[in-house]
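Next up is a structure, given as structure tokens.
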Amino acid sequence: MLTLASDFGTPYPAAMRGVITRRTDATVTDVAHDLPRQAPRTAAFWLRFVLPEFPPAVHCVVVDPGVGTDRAALVVRAGDHALVGPDNGVLLPPARALATASDASLELFTVTVDDPASATFHGRDVFAPTAAAVHETGVDRLETRDDLTPTDDYEELTLPEPSVDRADGAVAAATGEVLAVDDFGNAITNLPGDLADGRVGEPLRVETPEETTAAPLTRTFASVAPGDPLVTVGSHGYLECDVNQGRGDERFGLGVGDEVTVRWSEG
Amino acid sequence: MLTLASDFGTPYPAAMRGVITRRTDATVTDVAHDLPRQAPRTAAFWLRFVLPEFPPAVHCVVVDPGVGTDRAALVVRAGDHALVGPDNGVLLPPARALATASDASLELFTVTVDDPASATFHGRDVFAPTAAAVHETGVDRLETRDDLTPTDDYEELTLPEPSVDRADGAVAAATGEVLAVDDFGNAITNLPGDLADGRVGEPLRVETPEETTAAPLTRTFASVAPGDPLVTVGSHGYLECDVNQGRGDERFGLGVGDEVTVRWSEG
Amino acid sequence: MLTLASDFGTPYPAAMRGVITRRTDATVTDVAHDLPRQAPRTAAFWLRFVLPEFPPAVHCVVVDPGVGTDRAALVVRAGDHALVGPDNGVLLPPARALATASDASLELFTVTVDDPASATFHGRDVFAPTAAAVHETGVDRLETRDDLTPTDDYEELTLPEPSVDRADGAVAAATGEVLAVDDFGNAITNLPGDLADGRVGEPLRVETPEETTAAPLTRTFASVAPGDPLVTVGSHGYLECDVNQGRGDERFGLGVGDEVTVRWSEG
């Protein structure tokens, strides 16, 4: 199985799919082609969330603001999975999640690329053919490919860590940032969901540089009336700032990268 | 074959697809993931329109404003098809259409769900695994599954019925509502297409609470000049208020749920 | 393999996919369903770009402002590929590209269509079933189908040609038009990429009826600072007016169909 993910919108991904289906009979699945534009960190968040759900596959990932520069093309092996994409860090958070899931360590390879047909669409000219070739070779036989060279020189990308303020053991406040806003408008933070353990139902204050919003910590959207704000643990395991049947990003005044503090209210 | 439909946008559906492809080799097809947000009735309209085109399949449908509450998870058998989704009515109109097409009656089952990993993404944690399991078991063997219990206790959802004013046999006016607005801006009503039988070319008045628009009853979009309004019978068999190469919803002032009266003009 | 392309948005294409999967086990791949609305010429540009990447396939293309009128339905054979769609020219530019790639000539057939179920959704009622039937028959055996009649009477569609002003051999200016704007906002012209041969790095003036923008001719987006304009050779082989990590259409004031002149600056 091959998966495709990009920020290309439409119809560029179809060209990648054509290139791949010319080279392999493997099933090709789109993960998403409307990942946030040219934002490797947000894309990495989403791919870390989604790719571990898949069976062993070759994942072709193209979020590549540096296309056409001398940034390298990478293949990353993570257990039974391989990821193919640009060397800008976007592959690493999902690759680490895949490796952890299969108790493997990461192995990285740079791709020797013949002069590509274009300087602006390496999805078609570099990454898709490489992904197809890696699939045909087999993820466990990457060493047999002449165009792949093991490397430990690559762009790192890690998602930010939050700071947690514990007073007498109980968490009083935690400060982090918004990793992503989903299509529902849920503002997903990097604050770990276990902050909510045993505290569902408590009132919170959510502070941004611009405003402060009172919202309860709930288990579900429907725990508050439609249109009301809430904080809950999202399916990715992080706290998210939401509105039941509305947009949390607008209500809380939050966008990707914004700092956010969740404070347990005094009452 | 498995189909997926939701209001999730992107990239959540890819997680569902991963979960399913981990469990079955079946072909997985996306129906749509941008069904109107948290609007089971509009989603039901679209699915009733689309799903009967498919060969026998398991259809996983997630439009679920009550996710995480105690609403049940359902499997509905409709002849050779099965539908899997939340117990909020969204499954019933398409299930009835599928059952009618194969001269079958509906059979409903509640799903016994182990504590799901999240309270906000049952598409991944409940419905996708259930759909994969149902597919592997076979639609004709649902009774063999311990996690499925026959039920006749479920949320009903029916699409609204119009009222038709017949004067001396001929229809003088009909009042209904807008079931959906498609991406072209066509405002699709619940007024049955047979109201147009033998009357193509006649002038109509379309009345909404806000405004009245004159438009002919036509067989095609191209029967009027680009930019002009028309009423025609859509491919779902209902009257729709359209503009040739433009947006009918804007021209007629219509949105989902709006009341609309179509009146045969005196001349 | 069957591919689907349309301007239908969602969820209409799923009905086409259902119709096809009821009739054939072939792999069905979406090319794009958000091609520019009812714009056969822009759609033809994109399909000419994308379809040649695919292995031999039947391509079902529905961009059809004249649906329901007496415009014919066509099947076009281009070597090992076939295209199925309305007779409005949209099939011809991609068909010619496919034919050229396999050194074949075009063969056109009109489709005898039984009275379709709807006058507004021939994607479902005419083109999808025809595409499935053509696939099952085989692209090399179209002559055996009673519903296909060879024809040389069809709507032509050609993409516009630019004019190039050569002073003493070197190109001083070239005037063309915008064929398409992609999701990144790149304004893709019909000015051939070989105008850039040997001249990367030179300053240009891009003139539209409304404004003039200075921008360098570069090989990559990242050759200029984020937010700065550039002209480069896109992956389709044409000059495009872009902004690094921004929207070229807004910066240069360009939309589909706009005239654009690229002028080599005196310095």
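Going in written order, the chains are labelled A, B and C, and every chain counts its residues from 1.
Just so we're on the same page, contacts are C-beta pairs under 8 Å (C-beta built on N, C-alpha and C of every residue); 3 or more make two chains touch, one makes a residue touch a chain.
Nothing here was measured: the structure is a model prediction, and the numbers come from that model.
Rounded to a multiple of 5, the C-alpha superposition of subunit A onto subunit C involves a rotation of 120 degrees. Residues touching across the subunit A-subunit B interface largely differ between the two copies, under half of the numbers being common to both.
If each chain is reduced to the centroid of its CA atoms, subunit A and subunit B end up 32 Å from each other. In subunit B, no residue reaches two or more other chains under the touch definition.
On subunit A, the positions that touch subunit B within their shared complex are 1, 3, 5, 27, 29-32, 34-35, 46, 49-55, 182-184, 219-223, 232-235, 245.
Subunit C contributes residues 8-12, 14-19, 21-22, 28, 37-38, 65-69, 117-121, 124-125 to its touches with subunit B in the complex.
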